[in-house]
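The data blocks that follow each hold one structure.
Consider the two complexes below, in which subunit A is the common component and subunit B and subunit C are the respective partners.
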Partner chain A sequence: MRPYWAMLSARFRTLLQYRAAALAGFGTQLFFGVVIVMTYQAFYSANTTPQPMSLEHVVSYIWLGQALFALMPWAPDADIRLLIRTGGVAYELLRPVNVYWLWFSRALARRTAPTVLRSIPMFITAMLLLGLQPPASLASGLAWGMATVCAVLLASAIATIFGIGMIWTISGEGLHRLVSPLVMLLSGMLIPLPLMPAWSQTFLRVLPFRGLADIPFRLYLGDIPPSSVGPMLLHQLTWVALLALFGHWLLSRAMRRLVVQGG
Partner chain B sequence: MRNALVLYFQYVGVSIRGQLQYRASFVMQSIGEFWAHVTEFIAIWALFHRFGSIGGWSLPEVALLYGLVNTQWAITDMIGRGFDAFDTMVKSGDFDRVLLRPRATTLQLAGLEFTLRRLGRLAQGLAILVWALVALNILWTPGKVALFVLAVAGGVCLFYGLLVVQATLCFWTVESLEIMNVFTYGGLETARYPVSIYRPNFRRFFTAVVPLACVTYFPALALLGRADPLGSTLVFQYAAPLAGLIFLLVSLQVWKFGVRHYQSTGS
Partner chain C sequence: MPHIVVENLAKTFQVAERDPGVWGAIRGLAKRRYRTVHALDGVSFSIEPGELVGYIGPNGAGKSTTVKVLAGILVPDSGRCEVQGRVPWKDRIAHVADIGVVFGQRTQLWWDLPVIESFDLLRDIYRVSKSDYTRARDELIAMLDIEPILDVPVRQLSLGQRMRCDLAASLLHSPSLLYLDEPTIGLDAVSKLAVREFITRLNRTRQVTVILTTHDMDDIEALCTRVMVINEGKILSDGTLADLRAGVTKERWLIVDLVNGEDTVTDSAANVVRRDGARVTLAFDPERVPTPELIRRVTANHAIRDLFVENPPIEEIIARIYRETKS
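After this line comes the complex of A and B, so read on.
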């Protein structure tokens, strides 16, 4: 456990240094949030049919998404991309540790450090000025906290798979370019999942992606009552386990045909 | 001038040939860009599926705005890479070399790269645009055709102007300012819906300061023959895309001013 923890904390502390980038990210996210909230207000204002989610909840959902934006598995980590391109991946293989968990730790640090930097100012601003409600209750807040931890694990498992996929394509294009737009759509980051068409809900409920955003956000809002936190966490953790298994398998396949770039 | 154009097309030719050396990568990237924006449109479709309309605009009408602004941006993104990635040039000191050549700096930067992989995004924007135009049954007149072309051109000028301003700021900051993304990517997000739904100050900003509404919303009103709840006249709607051109001309002046204040990083 120790080497992985060391990797995690070292990367975490390095990434905490990027404060200017975090500030710029905060500004951009704030702008996007304001625009998106205005569009939902316009959608709701002309529509009188009851919706599966109130406008107040949608607004909070949007701001949670903006605050936890950096958590999402957008792309493989830049440092893994560099390792593969430069041949540095050979050093990773020499280390007496499991490469999968090493990369998982890197991905974990890459998700958490920028999120910590960006989300705190966003939570404060959105709560004071922009209509983000506090958690529905103490229990909802706790359930949200636990589900967010699982969401980080889930995001890291997906990002690690993207990283492994790069062993095949070197340039880093490919797998994540095709999958990450889908992840955004199916996780609730593009639009709140309850607003997706009714027929799609069955699929959305089974797929892993709602564990990234939709589950924690709705627990926060009380839209999913804190009493059903158990099945939600189970859903997230089952997928973490499955994706980790898949990642291991993919990595072992990749290693069999790995050509280290010289240089 | 003619000479400059010839040189520009030579630059473009070299860039395209270079990128076609990596054909598989080019195809993959184009598909990736296409797909990324397809999911974005699925999300918009889902919202219309549920809510029916926004500010009185139907899905095909909004698709016209979406297709228009995405086409404008995709074209700009294809030809504006030199300005978009200008920070690397300032950081590495490569801009010194550009200054030494007996050609306009803007011409050299414009010709630096013709980004082929953006074809994927362009294809997506055009596909949505064509779908919208088919679904809308617009009665085309020569005037409307001219307005449509003018709107696309005005939008490209506007976005190009934004990239030039972003590059100019690098003369002072060296690092590229991510905050400029608010105007480009944020502008894309904003202009896909009619500006009439936004708060007045926000709307005014995107009409008068960064005149994005002038190249999307106002010409779209004229094309659709809709009355404007904001009260703009038809003459204004036809003339509005010129604001994009004016924006570009102003940005190029700002650029000239910036070049005079350039200090090499010396690396």
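After this line comes the complex of A and C, so read on.
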């Protein structure tokens, strides 16, 4: 564990220094949150049929999403991209550690440090001024906390796979374009999943992405009762395990074809 | 038992090629042409513990490919390679725990962290015990004189400082084998000397086996007891510097400073290879004309201020080996 923990904490400490980026992120999320909330208010005020989710819940769901935006694995991580572009990846392979878990640790730091910086001011602002409700109950709050921890693991597992994918594509730009909207849509970050069409619900339930946002957010709202937290966590952790296995396999294939370019 | 055994190593790369220009780029979309590059073409050698081996060759000769195979980060197409009885790429984790690597053109330190934090992080990654780490670290800090820069973030270091820190970083886990890939590239004279002196001391006092690739022939002359020359994936020469020289040419140079810069120097057994003002360099074969004999003849026929005899510079020798394999 020691090498991975060391990498995680070193990266975490480094990333905590990016305060300007956090502030900019906070501003962006605030702006988008306000726009999206206004859009839903317009829809709901013109709407006559009952919806699967109340407007109050939708608003809270949106703000949770904006607060935890930095958690999403919507782009390959910059540090892995740099390692692959510059050939620094050679040094990573020279370490007596499992490279998958080393990169997973990097991804974990990449998810947690910026999220810590951005989510706290966003929670305070959204709760005081913008209609974010507190958790439905203490039990809901606890369930949300556990599901968020699993969401971090899930996001890191997905990000690690994108990182490994960059060994093939090198630039990562294409992957970014492809992956980013997919994750946004399928996780519920863009539209709360209960509002998605009925025919899509089966797919959405099976896919890993709802574990990133939809599961923790609805546990927070009490939309999923705290008594069902078990199966939810199981869904998230099963996907973490599957993705980790896939990541290991992918990395072993990548390393066989890896050519560290240049002198 | 040899530290490293390499037999008949081969590695080919497929390099995509396209014709120049827009039309070439468009054609490349439909049909890719590939050229096969034999980066390693039957490379064999063996290295004993404690040797300091220079590994040289022109750009693209296969040096770095060899080092990458030995380091376990590249799998060869065929051939045998064992480092301390281990196959590097099959037993990667055990293998890399006992080697140190420095790529002169890249740093293994964390760009944003102070040097000492990079060291601490490496200690955790290599799982070095506290006492071993403290001993190795303090010794390296003293040997490389990096105490004053330990708290500086790596991105603020000069190249010479960074290289000394990189050398220390590669040795914190006390490896028995060290690969240095162009460790003096881009360094100023003082830093180069410091790096060379450090490598010599390390090799003598700790018996670390060192493989050094470089384009700087002064590195080779200063450090290496044994030199391997590779070009186009094949080992051309393997032996001491004296062997290498003798294999290429027996030629020696007589350098003469004339009193009168306008004079010309001629001798039936020697030819002028260089002329800078009053300084004339004559190349001769000491088996055809003994050195004292040539000196006597030249001094008898010309007014000489000073003279000395030397071997052709090692650059010259290496360049000849490279050229001979081209044809």
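Brief remarks follow.
In this text, the second predicted complex is superposed on the first by the 259 of 263 C-alpha atoms of A that agree within 3 Å, B and C clash if a C-alpha of one lies under 4 Å from a C-alpha of the other, contacts with A are read in each partner's own complex, and residues count from 1 in each chain.
To be clear about the criterion, a residue touches a chain if its C-beta (ideal position, glycine included) is under 8 Å from a C-beta of that chain, and two chains touch if they have at least 3 such contacts.
Just so it is clear, the model here is predicted, and its values are computed rather than measured.
Judged by the touch definition given at the top, the superposed model places A:190 against subunit B, while subunit C stays out of reach. Measured by the number of subunit A residues touched, the leading partner among subunit B and subunit C is B. Looking at the shared chain after the overlay, A:24 reaches subunit B, while subunit C stays out of its contact range. With both structures placed on the common chain, the touch criterion links A:6 to subunit C but leaves subunit B unconnected. Of the two partner chains placed around the shared chain by superposition, subunit C is the only one that A:94 touches, whereas subunit B remains out of contact. Looking at the shared chain after the overlay, A:177 reaches subunit B, while subunit C stays out of its contact range. Within the superposed three-chain model, A:50 lies out of touch with both subunit B and subunit C [touch as defined at top]. Contacts of subunit A with subunit B, set against its contacts with subunit C after fitting on chain A, share not one residue. Of all residues in subunit B, those touching subunit A in their complex are 25, 28-29, 31-32, 35-40, 42-43, 46-47, 49-56, 175, 177-179, 181-182, 185-186, 189-190, 193, 197-199, 202.
Touching subunit C in their complex are the following residues of subunit A: 2-3, 5-7, 10, 14, 17, 86-88, 90-91, 93-98, 255-256, 258-260, 262-263.
Across the interface of their complex, subunit B is touched by residues 20-21, 24-25, 27-28, 31-32, 34-36, 38-39, 41-44, 46-47, 51, 169, 171, 173-174, 177-178, 180-182, 184-185, 190-191, 195-197 of subunit A. Residue ranges on subunit C touching subunit A, taken from their complex, read 13, 59, 64, 68, 71-75, 92-94, 96-97, 99, 101, 103, 105-106, 108, 110, 112-113, 117, 120-121, 124-127, 181-182.
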